[in-house]
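Here the chain labels run A, B, C and D in written order, and each chain numbers its own residues starting at 1.
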Amino acid sequence: MRKKIPKWKKYLNEITFEYSTPAAKIFDGVLLFLIISSITIVMLDSVPSLHLKHKIFFHKLEWAFTVLFTIEYVLRIISAKQPGKFAFSFLGIVDFIAIIPTYLTLLIYTPDILLILRVLRLLRIFRIFRLSHFLKDVNFLAATLYKSIQKITIFMIFAMVLVILLGSLMYLVEKPENGFTSIPECVYWALVTLTTVGYGDVVPVTILGKAVASIVMLTGFVIIAVPLGIVTNEMAKAMRSRDAHTGICKACKMDGHDADANYCKFCGEKFNAINKKV
Amino acid sequence: MRKKIPKWKKYLNEITFEYSTPAAKIFDGVLLFLIISSITIVMLDSVPSLHLKHKIFFHKLEWAFTVLFTIEYVLRIISAKQPGKFAFSFLGIVDFIAIIPTYLTLLIYTPDILLILRVLRLLRIFRIFRLSHFLKDVNFLAATLYKSIQKITIFMIFAMVLVILLGSLMYLVEKPENGFTSIPECVYWALVTLTTVGYGDVVPVTILGKAVASIVMLTGFVIIAVPLGIVTNEMAKAMRSRDAHTGICKACKMDGHDADANYCKFCGEKFNAINKKV
Amino acid sequence: MRKKIPKWKKYLNEITFEYSTPAAKIFDGVLLFLIISSITIVMLDSVPSLHLKHKIFFHKLEWAFTVLFTIEYVLRIISAKQPGKFAFSFLGIVDFIAIIPTYLTLLIYTPDILLILRVLRLLRIFRIFRLSHFLKDVNFLAATLYKSIQKITIFMIFAMVLVILLGSLMYLVEKPENGFTSIPECVYWALVTLTTVGYGDVVPVTILGKAVASIVMLTGFVIIAVPLGIVTNEMAKAMRSRDAHTGICKACKMDGHDADANYCKFCGEKFNAINKKV
Amino acid sequence: MRKKIPKWKKYLNEITFEYSTPAAKIFDGVLLFLIISSITIVMLDSVPSLHLKHKIFFHKLEWAFTVLFTIEYVLRIISAKQPGKFAFSFLGIVDFIAIIPTYLTLLIYTPDILLILRVLRLLRIFRIFRLSHFLKDVNFLAATLYKSIQKITIFMIFAMVLVILLGSLMYLVEKPENGFTSIPECVYWALVTLTTVGYGDVVPVTILGKAVASIVMLTGFVIIAVPLGIVTNEMAKAMRSRDAHTGICKACKMDGHDADANYCKFCGEKFNAINKKV
């Protein structure tokens, strides 16, 4: 026999984990505001001049956010249908990481790494994507990227091999005086050039160096087409399959009818909710 | 009973709001020339050396443009079918903003912000897009971007989270002496690198910093594929639906059948070369 | 009665204007070599150190190329079916421009502009595209770009308006001391940033300036999708129409059969050269 | 009569050239580790500070790798079904180049070029692509690029002509004092700008120079669409043809029918759910 869930717990669960009720929407709005404020404080606190002036104020705010996030975390643990599963889910761990650094500062002193952990709070922003009208597109983009990942990995390996070979060639032709002091430096330069970032801190000076640089630039200009082609086509495929699955005609077993079709375009059978298996 | 519109008002309306008559075309041409000239003067007036030399000449021209635009605005208000609706439409407000800054200089002295407002005159250039042979493509591009906006917003939020996390990581690994003085600075650097702009005013110096920079660059090189994929596919969809009008069923007068359909998908009429007007 | 063309003229025409005969292929190869050599000499002659050392040698070579190109031009004029039409065609004018600057140096002394005109010789390289196996793809790419031109023009106007508005905003928020001295300078900076070139000669220093720069960068990162979407889709359309027109079945009047189909996929009619109107 | 292959040779061949057996997988894993380690050592050895400290250690490791790769090469030659064919295949030559430089150092002293040859070991990483679940996508990407190569070549020639012409124009309008000292320098600058790399080591200073730079930037921003469109569409075509295998006709055993065909396009057999094995 299933344990009966008390009414207050059900209500709490609705607020913290659902998104359709008005109470849940207010909760999400407040949470979004708290997350963005918290991150902003972490960022501003890292600016030396502001840190000197508002050190204590930032510290107090930080504790206020931490207490609020702790309350939220406890409420989630209590109201979760499966507390254990929630605690070790991705967002559950992020929730935990979001509050623990501030408490750790009471015990040990390691500001920089803790600071980074607090920035991870930003990941909690993905909760707002639970909002229904976003969800469909988020899933769509995630699915596309997931399907592209193997082809993009192959492209990345290929690009890395190219960058290492071209960087090594550059090490051979360009003088160390111009900043090309070692193969790793040259490979880094080749990456900066191939991705068309082009900082300009290290640039070729000799004619041969400029010739190699030209090859790297043209290569980057053209091979960027590969990940773009992969993502564009996977997205097109996902869109097509989302638009296409409208049902099979019971009479002729053919698929590929438009969503607004009243009759089968192949055998003329009239459609109704029963003959079209969706 | 509808109020009768006088003939001169009808003619004025035709010139200022239509685009097919010869008079309207001349009016549009003159307007285009005035807008571009006016913006050019605003831009040249901001160049210190030219401002010193031609200050009074620019000032006179500015007033000439303002008077002409004021006359145009008054004519539009008079001849508009619904003057109130026009005045508060987007282009109506732009028209108003285009003339008001110059008059305000007579009352108060705030040159810089007023100057920006005068540049907004440029938005009036979109009037020329009323020209019929442009209209179709403008609407097409606008519709595509409008349909892409939600997916691109999601992508932007994701990219911003990525930029903040990678920027924070950079703050952790790279020394402040090399320009990475605070998290906001590092986030700005990460954005400059991810978008492949790469100014080069702040560049990583340590090995770890260069490693993080490499991650940011490769990420930027790959994720740019996402907005491209979105826009390309939405455009493809819009093009397909525009091209899909292949024929109208003689029986039910419905449009939108596939080129290879044997039966009308709406009324079940069997197609042949005669019932489908291509 | 048509005038009879002498045999030697026919043969000359074949060599200079055709591309399928062995003699014409050799002629094209030699010409390609001469064009590239000539451009290389023009480029090397502009390098101050090389100019000092090899001035006379370059001068002699230049005259040699000019004499050879003159002979070629005269042969083309003689052998052309319609000499007048050829002389005023695009490639005819390019041929003329390719030789005239060197002769002009005997009369007047204006080295720099003449030098540029000599570089235009490079346009003659497009003659090699007459080579049959290139022609199809050149026409394909040209047709695609031609069809995209109106949409891209609209995009360009929109981008220019955006660049001017964002540049003006930058002029308002960033100090002249940091290089943002006038609106034209700021607009140039906005263009450098939007196109993700990012020279880094002028960069924002204040927080507000960096905020505006971030907007410009993100805008550039996203709007580049528009021309890509346009070209990709126009190319897709051109490819589809090239692949699709295979013929209409005489029995059922349906189109859209694959090139390798033996039977109509709609009515089962057997295809032959006669029932499929290509 | 075929010579009988001894069992040990068969087993060795399986390990070195196949990828499905557990032994072959371990062999591939070890090899991958050795290649990456070897390249890492070559790269680290080029860093002056590390070279000074760990010179002897690196030298010993280098010899260890070389001996291991030599053993592997000998095993491959012995176990290959056609040793001669393998030795002169692409990967066979790469294998040979991977070991020879170290032995050459015993005879002659030419460190830099030899060093580059050792980096070519990286090409051996493509062996891991033999791994079956990668193979399909590698072939897919390779086939796409191969099909795009002619169109991209034409685009490249066109882009090079554009870069030379725009670079020459820049040489005419911008002063040598600002770094635009010769046509080759200007052409290099135009390439840096067109590909949106934008180092910023040489930037236009005069108004005319900035105007030309703007043209180059906008050109680069738009023409990058061409290779992207080519690759995206070739990829789409390859994907479609891979997905098009929808069923085999029971009568003539032919494949490649459209999903909505009623009759086999090769033999005219009427389709039904039974004759088309999906």
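Just so we're on the same page, a residue touches a chain if its C-beta (ideal position, glycine included) is under 8 Å from a C-beta of that chain, and two chains touch if they have at least 3 such contacts.
This one's a predicted model, so the numbers in the text were calculated from it and none came from an experiment.
Novice: Out of curiosity, which chains are bumping into both chain A and chain C?
Specialist: B, D
Novice: Out of C-D and B-D, which chain pair has the most contact pairs?
Specialist: If we tally the contacting C-beta pairs, C-D comes out ahead.
Novice: Indicate whether more than half of the residue numbers at the chain A-chain B interface occur in both copies; give same if so and different if not.
Specialist: Different, since most residue numbers here occur in only one copy.
Novice: Could you tell me the distance, in whole angstrom, between the mean C-alpha positions of chain C and chain D?
Specialist: The separation of the two C-alpha centroids amounts to 28 Å.
Novice: Measure off the straight-line distance from the CA centroid of chain B to the CA centroid of chain D, and report it in whole Å.
Specialist: About 40 Å, centre to centre.
Novice: Mark out which residues of chain B touch at least two other chains, giving numbers and ranges.
Specialist: 184, 196-200, 224, 228, 230, 232, 236, 260, 262
Novice: Spell out the residues on chain A that touch chain B in their complex, using ranges where they run on.
Specialist: 39, 42-44, 46-48, 112-113, 115-116, 119-120, 122-123, 125-126, 129, 133-134, 137-138, 140-141, 144-145, 152, 156, 159, 184, 188, 191-192, 195-201, 224, 227-228, 230-232, 234-236, 239, 257-258, 260-268, 270
Novice: What residues on chain B touch chain D, complex-wise?
Specialist: So the residues of chain B in touch with chain D come to 196-200, 228, 232, 260, 262.
Novice: Quick one: in the complex, what on chain B touches chain A?
Specialist: 150-151, 154-155, 157, 161, 164-165, 168-169, 171-172, 176, 181-184, 187, 193, 196-200, 203, 207, 210, 213-214, 217-218, 220-222, 224-226, 228-230, 232-233, 236-237, 256-258, 261-268, 270
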